[in-house]
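Labels run A, B, C, D and E following the written order; every chain starts at residue 1.
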């Protein structure tokens, strides 16, 4: 153990300290102090992460494990609490602390309207989230990961329900937590299975023994893990919480529900690439679920009017693409897209936040319009974000998405086609939003119009930084078709896949690849232009709703479906159990014993007639019975 | 005379006494039936006394076996006399209160 | 058939017949009288069994004293046959049936006893012999029975003594 | 150190007994409260000293035996080992905190109240410490009597009926246990009631079956396990809050404790025979209780059903016979006591201030009582076994054990993890969040001692959740006895 | 032996005491002195092994240590009974001294039964106990219920005496002796005559101890009799009946244990069930206690069933536990205005010490640990288990014990958890309070150290 890694524990520790100071001192600290502490710890953490990254990226670096203490060591269990520093975790570390710092800084301005107590609470939660997220990625075992895993769920719950007086928000928070828990159960079972199968739960231990167990076992374990990933990363069927989670403050959506937490599932699978590569069945499932989610979410996003909802569905859709990448074995591509997505999606969300901030919490894009003059910085950065997500070269999204699509093509043409379709829709709905919000004429109230103003520096600065990253972020993974060996990310991450046989080089010929790439970009441009045609008008009415449109607007009625097939039955069963089974039947039986005794008491009492004659008669009859008894039993 | 005859005779008397107790309502008559039962027992005891005495005499001519049964009968009579005293006193007391000795009226106590 | 046997059968028949009449007579006075007949018959049996002392005591104590007491009480209450209402038929039937079956069962279970009452003479039934035993071996129970009598006496006094506050209104205590 | 070092176990019984009896003679409510606190605190102190001593001398097991009823072979045998230490620690902490929390003017005739509470503590500690079956049985019953009186005198409207049902129900169970104890005593040739003597009996399988049944029913009623649980919601609802706290933090552990201390070592054949079917039954019970909890509108009933589910889980852990699950259950017994105590305390504070325990009538308390709501969130999170809270450690190990013995069962019981999140968050949402209800307007935030109590609880929750290792060291010797007969 | 003489003499003295003792208090005190004297003499006999007055009873009476301990327990119960309920005896009628005399005569009978070695003495003893009891049951002459109770008791009691005599006669016919040892010696084989005799004696003894199905007189008689004498009947007299039952079946019929134990088990079972279940229904505490006494008899029947060391030891403990507790409850009950459960409402507020004593008594009756009643029941159960094979009987017994909690606790609930609607005018003298507390302490002491009694035997 040497260099900065010795102090690696400080990376998660600093946000925790921030959480404690802000949480405990929320009644005493001024907003300025709170903001300073909240962002300060993040920046420090980021700085340490940079040093660590520096050390990790050095040539010939081997995975280092920072042992902290024994978490559970008894009865055959040996679960240490240790941090693992390797290429994958440090990459995530950078994304988390980096974007985290930006969003903290952004938040200092965005949340300024809150009272100082709530302001401090907000930062405390945010710091707590970062702490757990760091534990998640740094943990050296699945249990440590699970601690972070549930922890981020908790922080997400707290932040979604930040404005706790609003019951809709609370419901959204609850929904997020419960849905995550469903996934967590899967993850937990996977952990148990691994413990039972391998006897250890550290990554190193598990991966070492992974090859020795039957494929069916690995398939089972990975499938259960994927259920966990579904919950956290909002995949079919557990995706419905994410759009609702937009109830939280916008920076939260940017950090948690776009850039970091929701990518935990991708991290998990990328981390477990050894296991997943051993289970082709699971991989197929992952790919199919991924592409289906991507498509479904994209369709829904086409007809959403809430600026954050559009972004949310777009996130779900992009996450689907990442899973597609993981499913087809292109782990690097998945991680790459996580990174670029973090940049541009955070950018988009923060931009949306800026818009919302300017519009006084108006989120309906049909009530906006023509904002590009009023909000120049926001507009520009937002446009960059849109271009990035749409996959226009040379923006970041282009490279990562292209890599995914190429990998999908190699696996199965259907995946590829669906992936491309998703990309087209992405471009369309992103620009629909962009045009509706920033072009045309203002459709809000006059009062709103007068108040619209550019956000303060603390908000625009992160936007600018993220916009830059959205432009250059993709250049670390330039495909071989443009320049040999320019995929620095792939080279960097290769130790992580050392034991897995991942084919990073493409089998598709470069010419085909170039042709396909070109045509996809062309199609995307067409779809952007059609969006412009539809939505960049000066004056636009609400889209008329066809039946299909209505279906999309209502998100395929999936929420209602869940309500009908899951929530309602559970409530009914619960009420049936509580009212009928518990009170009437079980308790009724218990009370019935008492009643039976009372009843028999009343019956037996009748023999006590008060008549001497009958008493004597019963005595005599009993004696006769005694005699008979004696004769028959020969006593 | 076989002892069985005596046994059957006293069992007959005993059971007639029981039937009387069961079928009559007059407390005095019931009491009389109980006395009849006691007398049946007395008869049986005397018969047994005779039987044991004879059996013992066959072995030892000076044996006094069987005396105890007759003494027992004597004590039963004593007890019976005492019982009659108290029993009749109770019946008279009851009669003074309700002017009847019908046991079917005795049903204030149940539950 | 020796005379004792004839006497046995005659006395047995008398006893049983009289006993049945005791329980089936409507009039309590008749019952008392029939009971006296039973006692006499039983005394006869005692004589047959060489228990002369008990025979005499039986006649004096039972037929003489106790039965007179009964008769006295019945007279005091001025009872006659009409006063006793019939017990319910079922009750009667049940009483007879169960009493009868008890008898059957007792007889059935005792019929294997084959011991014979011997014919030899013995002096144990005589007053001299009984008296000696009573006052030597059985003096303790004899003394204790005095307590019995004492308590019966006290009891009879307690119950018989008229209390001042007793009057006809005590039905209210029901 | 002390010459009277061996008397630690006895002290733990005598202190509350003495305190309880003394308390009846203190007329002033405030004095009664402070004397109760002193006695409860000194119990805790004795326990801590003994733990310190045990750690220093490496003498984990502290066993003593006093002569009593030598004619019938019963000795007043007490033991302090890892298992009993943790349970006594829980008892001492719970009673101390309850005394601190409840204001002296809360209940009329306070001196009696505190007296009975201390007597209940004496009974509970006795149950945990006893190594002699007869003594165990005596304390088992004695713990019940003060609780019965406490609940019936100071409880809610339907208290008499509810507590009576509770009493009779548990009494029936315990008399069956008595029969089994006597049977085994008879098998020792009527010479000993000692646990070790019972342990050495070679009962045949069929004997063990019914002996196990008798013991298990007694314990199952106490825990309670589905379907013998219906006394619990009523009793919890109707008992005064401090009693409910004691009942659900400590008293229900008596059943689990009995399972560990008596059933597991004594009836290995029966346990092996029946554990699968019982596991299935409990698993159903867990899900069932969680579902019923979702429906509840009364905070107290909700917590009660949640407790049924959690206790069931611990019982499952024990009956899997897996070492990991058993030690998980051991630590979870302590943890659950702490967590549910926190929940009850919050329910108590809310009800004391608003007079309402119906969830639907509350709402928006967080605004008025932010500190309370923070602790509520912590308590609820501990209750749903979020990582880094104490329950996670226990339930993780228990589930791990269940999974090892049956995958499907673990998955099925795991549903309760989801449902527990549903009802717990519902409760938070409807009580603390949302728009301010009428009831919330009178609420004041907690302060002073109350905050101190919750800080203690939170610290316990977090410390055990993050670094449970000391507990596992404490349990290492207790596990041996529990599982010896299963390892071969 | 001493007890017979002293009680008889004291009975006679009591009869005349009315002439020279004027105040009821001094009569009461005089009776207590008599009991104390009896206890002292019995203790002397127990300690020295010799009575003060040695009389040759020709083997009719014999006092073993067991008998003496039994006698002491009964006498101490009677002492407690006198202390607690003496004033009620005074209140029953004008002839207080006569009633006391009868109680002393009953004690004579009890002393006779305690030492009986011959069926003759058993018969005499039981009759000496019964005949004064008929009178005591009817001693509230103006009360029709009391009259009725007396007549019922008398008729059925005589009837059962008849049954017993028939049984004795049949046994004599077979064995040729009334001595228990001789009967035991002659009981090697079961002849029909012995069987019939045994069954008849079993039936009549079951009647005396009020075991089902011969228990029907019990509720009616206990309910109708003056409460103070119900207390005496249901405790002390019942103990004696059980003692006689156990001794007879142990000494005389012990060899044939295998032949009759199933029947006794059935009787015990029926008694437990009927007693406990019917008691649940009762609204009057007095009648409830009557049924409870049947229920307790069911438990005591278990000792007759088992007749081993545990059974015999435990039965004495049971007598003590049961008598002390019942005497205590009855003493309070007899001071209440009526006998309904509601009359106990709020007793803990108005009279905390009385309520506490009653509470302890009731807990003891229910068999809650650390009261004497627990160990009493414990021994009964242990005896049955020791006997082996009849686990169902034990299980029924304990479940019945749980049912008994139901009706005993109703009184506790009334005392502690309910408030009296109107202020109950019942006054308790300090003397009575202290006596009650003493009684409760006795129960607790026996509950913690039952060996105080057990070590004596």
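Keep this in mind: a contact is a pair of C-beta atoms (placed from the backbone, for glycine too) under 8 Å apart; a residue touches a chain by one contact, two chains touch by 3 or more.
All values reported here derive from a predicted model rather than from experimental measurement.
K.L.:
In the touch network of chains, how many steps separate subunit B from subunit D on the shortest route?
P.N.:
Minimum number of steps from subunit B to subunit D: 2.
K.L.:
Determine which two chains are connected by the greatest number of contacting C-beta pairs.
P.N.:
B-C
K.L.:
Looking at mean CA positions, which chain is nearest the middle of everything shown?
P.N.:
D
K.L.:
Among all chains, whose Cα centre is located farthest from the one for subunit C?
P.N.:
Between subunit C and every other chain, the largest centroid distance is to A.
K.L.:
Could you state the distance in Å from the CA-based centre of subunit B to that of subunit E?
P.N.:
Once rounded, the distance between the two centres reads 27 Å.
K.L.:
Please work out the Cα centroid separation of subunit A and subunit E, and write it as a whole number of Å.
P.N.:
78
K.L.:
In whole angstrom, how far does the Cα centroid of subunit D sit from the Cα centroid of subunit E?
P.N.:
Centres of subunit D and subunit E (C-alpha means) sit 43 Å apart.
K.L.:
Taking the mean of the CA coordinates per chain, how far is subunit C from subunit E in Å?
P.N.:
31
K.L.:
Among the residues of subunit A, which are close enough to touch at least two other chains?
P.N.:
Only 605, 608, 610, 612-613, 616-617, 620, 623, 627, 630 qualify.
K.L.:
On subunit E, where are the residues touching two or more other chains?
P.N.:
Touching at least two other chains: 120, 124, 127, 131, 134-135, 138, 141-142, 144-145, 150, 152, 155, 159, 170, 173, 195-196, 219-220, 281, 406.
K.L.:
Two-or-more-chain contact residues of subunit C, please, as numbers and ranges.
P.N.:
Within subunit C, the residues that touch at least two other chains are 87, 91, 94-95, 98-99, 102, 106, 109-111, 113, 115, 138, 141, 145, 148, 151-152, 155-156, 159, 166, 170, 174.
K.L.:
On the basis of the stated criterion, which chains touch which? Give every pair.
P.N.:
A-B, A-C, A-D, A-E, B-C, B-E, C-E, D-E
K.L.:
Can you tell me which positions in subunit B touch subunit A when the two form their complex?
P.N.:
18, 21-22, 25, 30, 103-104, 106-111
K.L.:
Can you list the subunit A residues touching subunit D in their complex?
P.N.:
Residues 69-77, 117, 143, 146-147, 149-151, 154, 157-158, 161, 164-167, 170-171, 173-174, 177-178, 181-182, 184-185, 188-189, 192-193, 195-196, 570-571, 573-575, 577-579, 581-583, 586-587, 590 of subunit A touch subunit D in their complex.
K.L.:
What does subunit A use to touch subunit E in their complex?
P.N.:
594, 597-598, 600-602, 604-605, 607-608, 610, 612, 615-616, 618-619, 622-623, 626-627, 629-630, 633, 635
K.L.:
In their complex, what parts of subunit C are in touch with subunit E?
P.N.:
For subunit C paired with subunit E, touching residues are 106, 109-113, 115, 137-138, 140-141, 144-145, 147-148, 150-152, 154-159, 161, 163, 165-166, 170-171, 173-174.
K.L.:
Help me check something: in the complex, which residues belonging to subunit C touch subunit B?
P.N.:
Where subunit C meets subunit B, its residues are 4-5, 8, 12, 15-16, 19-20, 22-23, 28, 31-32, 35, 38-39, 42, 45-46, 48-51, 53-54, 57-58, 61-62, 65-66, 69-70, 73-74, 76-77, 79, 84-85, 87, 91-92, 94-96, 98-100, 102-103, 106-107, 110-111, 113-120, 122, 124-125, 129-130, 133-134, 138, 141, 145, 148-149, 151-153, 155-156, 159-160, 166, 170, 174.
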